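There are two complexes below, and they share chain A, which is joined by chain B in the first and by chain C in the second.
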Partner chain A sequence: MDPVTAMFLIIAGGVLVGVCVHFIPASAVGAMSASTGIATGPSMLSFGAGLSGILSASFALDSGLAAMLASGAAGSTLMVVLTILGGNLVNAFGTGVPPVSGQTASGQSVLGSSTKDAITGWEQKPFVTPGTDGHGMPVQTAISGVIGGIIGGLGGAMVFFGVQFMFVPVSQEAAGLSGMIAAGIFLINCVLPAYTLVGKTEGMFDRKMLRVPKTFLSCLIVSTFLALIIYSTSTYASMGAT
Partner chain B sequence: MLQLLLLGSALAGLLAFLAAIFENEDSDAGSASNPNSQVQLAPQIEHLHRYYNKAIAGEPPQNALWAALAATIAYILYSRLGMDPIPGVILGSVLGALIASLLQGMYGSLAHISRIASMKNFKQMLYWDSLLSPLPLSMTYTFFSALCLTLLSFVIHGLLGSPFPVPLIAMFLGFTLGAIASSTGDVHYGAERLYQHYTFGSGIAISKQGDIDVKGEYGYRNSVDTPYFTLRFGGPVTGLTFGLLILIDTLSRTSGSVWTSVILEFSIIALILIFIIYLEKYTRDRYGPFEEGK
Partner chain C sequence: MSTGTSATSGGADIPSLKLFLISIITGLAAIYLQGYTAAYVFILIPLIWPAFVSSANGVRSLASYGLGTGTSSIGYWGTAVGATTVYAGMQMGLSPIVEISAALAGGAITGICAQKIIKMRIPVMVRESAILAASTAVIIRFLAGLFPEQVSLLFPLMYIAVTLAVLHPYNGSMGAGENQRRTLWLSRVEASMTTAVFGLVLLFIFPSMTGAGIILVSALGFAIFIRGWYRMVKKEIYGMSWTGFPAAEH
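== the complex of A and B ==
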């Protein structure tokens, strides 16, 4: 692999990170059980998942690209699925409400006018408590979260691998340095979709999924810019080293 | 080698479990996460309250700051003091966590004063007891959570062999823990503790928001008794979530092969998904259907 391929890996990883935020269900109002989704901002939650993916991927640093990508995806997905489990447990036994999708119940999701869960086929509408927009993470959102975790973990590990490949020849602390930079690129690409999601998403069945092209384009531009900076820095540093 | 990895995994799981409980209680005692919107909204609908509200940053970056600060100080002390590894790490971690908790106390008191002062137009008063009684409690929780996260970072770096430096691991774990705690344990605070005067399971309608419970068991409610309630359920669930994440992640790697660990993790993810489906079925049988207007 040459540095230019590593640069494209960073760009592709950054775009994947941006797209993953659309898949992970999150909503700040969920903290009052008044909205469907994991009870925190989409950007922060995806970043938390991405960091656990990068940390997992760091253990597979010497095993090649495929092992790192798989390891990163596993770490991120595990974090998302455990958070969904914890959130559902608190909603079930701490607050006393069943997991239900508010947008599907009101017939406004991408599924059209269907008010049933896309995977289990369970009716959503009668289980929304009056005056709220759903609560917890029903099965269709949980599956969407798992897909988001896989995409985000892959993206984070790709960025990490690309940066690490470029920094190995120029730094003795390449692993730590590239982990830090990968986390930074992950954070930037996680925050960008906040402008299209506006604080709340129910995952792949949410109507906001149709705004993915906007996220894709903005993440592509920003990731290209960042990848060019990293590429030129590492090339300049290696020129100085020789 | 296997014994070392098993010991490291067990220690990491235990430390993660404790760190998550303490972090969640710190955020509940200080209304630090998303439920702070309700505490902030209350004076605007004439609910003058005595809650301690230190939320001026998101919980994940805030927690990452305390963990990274404690771990940086611990790592510098450990490498400079020249002591034996185990006493050196423990002494460094205690001093690092102490400094992080002192800084958190300063941050928390200034944040609370400015938060409450901004509500002056709604006749919200700055009660000194609502700041001075939960502040040491919140600082203590920060101390323990920063200590556990620093020790956990040393375990992951030293025993389990992560190539990342200790402060970076602490920042990563602090951020992940903040994201987990604000999305699991804080629901128990935001949806149940703040709305205890509503019937259990009735749901928090958007129109009820801001109508938080200002009177408790002993007269006016103070944030110091919030952890007394949330420690019974919200804290342990947060501990379970973060503890399981670290335990499964580290245990799956004891085999030494990356692909085995990936396959193991994905099979555990499938098992958890099946459990989530059964949990949803159980809650649907137990609660609801709800009728509009009741």
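== the complex of A and C ==
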């Protein structure tokens, strides 16, 4: 692999990170079981998933790109799945509300006027507590979270691999530094989509999914800028070293 | 919105550009003088506090418009741009001015994306994003320079500590009656606390009088700032009451 390919890997990873935020269900009012989604802001949750992905990807650092991507995706997905499971357990056995999609129940999701879960076909409408916008994470939302975890983990691992590849020749502490920089790029790309999601998303069946092109373009521009900085940094440093 | 005149303290807000210019001048002076002061680097600590104030004001200006994402997210994001460019720049031994300029450009580009593509409709988006990223870059560059050698292990701590000092002043003060003066006093308090933390870390890793000096200067600053902040709080609140255990339990 050459540095230019590594640079494109960073750009592609950054864009994937941005897109993943749209898939991971999150909502701040979910903390009061007043909305469908994991009870935190979308960007912070995606960042948590991304960090888990980067951390698990680092374990496969010497095993090549494919193993790193798989490890990153697995780590990130595991984090999202466990959070969804924990959230659902608290909702079901603590608060006493079933997992239900508010947007699907009101017929406002991308599924159109259907009020049934897209995967199981279970009716959503009767289970929504009046005055709320759903609660917990039903099957379609949980599956969306899994897809988001995979995309985010892949993106994080790609950025990590790209940065690490470029920093190995010029730094003795390339792995640690690359992890920190990859986390920084992950965070920058996480917060941009949060502006389009306005603090809440139910995942891939949410109508806000239609705003993905805006996220894609924004993250592409920002990731290109960051990748260019890292590319020029490493090229300049390796020129100085030789 | 709330970026106009202050709610209870009277007088107009300090322009963020003015705060930024002060922070850049004092911050760059502190970064460049680090090489000359050697063991007496602790005398430069007060010069970096304006950068904390400028960053906290950037978070306040942006978050007061209701971003849709949390106040914490914008703090994390701003520091991420600053820290990422500084860490990458340090790797190749770039000049601090270039690193801070890159952070300024990174913040502005992200702001332009949010404003033009995502259509946030926040008039100060580009300016404040750039200010936030550049001010945090100044802080990170100075803190990294406190250590006699590059300590990569401390990069995550540096990142999180600066983020908290930047995002918390507005997050802790927001609500009815929030005003710039009180938020910025809290920012000064947290700036002195953050520098004290790094003085302590320096003392642990490289035991010398420098670390102790940083803690002492930060403690002096903390004593002054906490009084100023508490005075403002007392002036602006309706009343203060003890909320501990009820009298019946004693």
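By our rule, the second predicted complex is superposed on the first by the 242 of 242 C-alpha atoms of A that agree within 3 Å, B and C clash if a C-alpha of one lies under 4 Å from a C-alpha of the other, contacts with A are read in each partner's own complex, and residues count from 1 in each chain.
Criterion: contacts are C-beta pairs under 8 Å (C-beta built on N, C-alpha and C of every residue); 3 or more make two chains touch, one makes a residue touch a chain.
Everything quoted here is computed from the prediction, not taken from an experiment.
Visitor: For A:Val191, is the partner it touches chain B (first), chain C (second), both, or none of the two (neither)?
Guide: second
Visitor: Should A:Pro3 be classified as contacting the first partner (chain B), the second (chain C), both, or neither?
Guide: neither
Visitor: For A:Phe225 in the superposed arrangement: first (chain B), second (chain C), both or neither?
Guide: second
Visitor: Using the touch definition from the top, say if A:Met44 reaches chain B (first), chain C (second), both or neither.
Guide: both
Visitor: By residue count, which of the two partners contacts chain A more extensively, chain B or chain C?
Guide: B
Visitor: Contacts for A:Met79 in the overlay, against chain B (first) and chain C (second): which applies, first, second, both or neither?
Guide: first
Visitor: A:Thr233 contacts which: chain B (first), chain C (second), both, neither?
Guide: second
Visitor: Would you tell me the residues on chain A in contact with chain B in one complex that are also in contact with chain C in the other?
Guide: 28, 41, 44, 47, 173, 176, 180, 183
Visitor: With touch defined as at the start, can you tell me which chain A residues reach chain B in the complex?
Guide: The touching residues are 26, 28-34, 38-41, 44-45, 47-49, 51-52, 54-56, 58-61, 63, 67, 70-71, 73-75, 77-79, 81-99, 120, 122, 126-133, 135-139, 142-143, 146, 173, 175-176, 179-180, 183.
Visitor: Quick check on the complex: what are the chain C residues that touch chain A?
Guide: My answer: residues 67-70, 72-74, 76-77, 80-81, 83-85, 87-89, 91-94, 102, 105-106, 109-110, 113-114, 117-120, 150, 152-153, 155-156, 159.
Visitor: Over in the complex, which chain B residues touch chain A? Could you list them?
Guide: 33-35, 37-38, 58-61, 156, 160-165, 168-169, 171-173, 175-176, 178-180, 182-188, 190-192, 194-195, 200-209, 233-234, 237-238, 240-241, 244-245, 248-249, 253, 258-259, 261-262, 265-266, 268-269, 272-273, 275-277, 279-280, 282-284, 286-294
Visitor: Provide the residue numbers of chain A that touch chain C in the complex, in ascending order.
Guide: These residues of chain A touch chain C: 28, 41-44, 47, 167, 170-171, 173, 176-177, 180-181, 183-185, 187-188, 190-192, 194-199, 214-215, 217-218, 221-222, 225-226, 229-230, 233-234, 236-237, 240.
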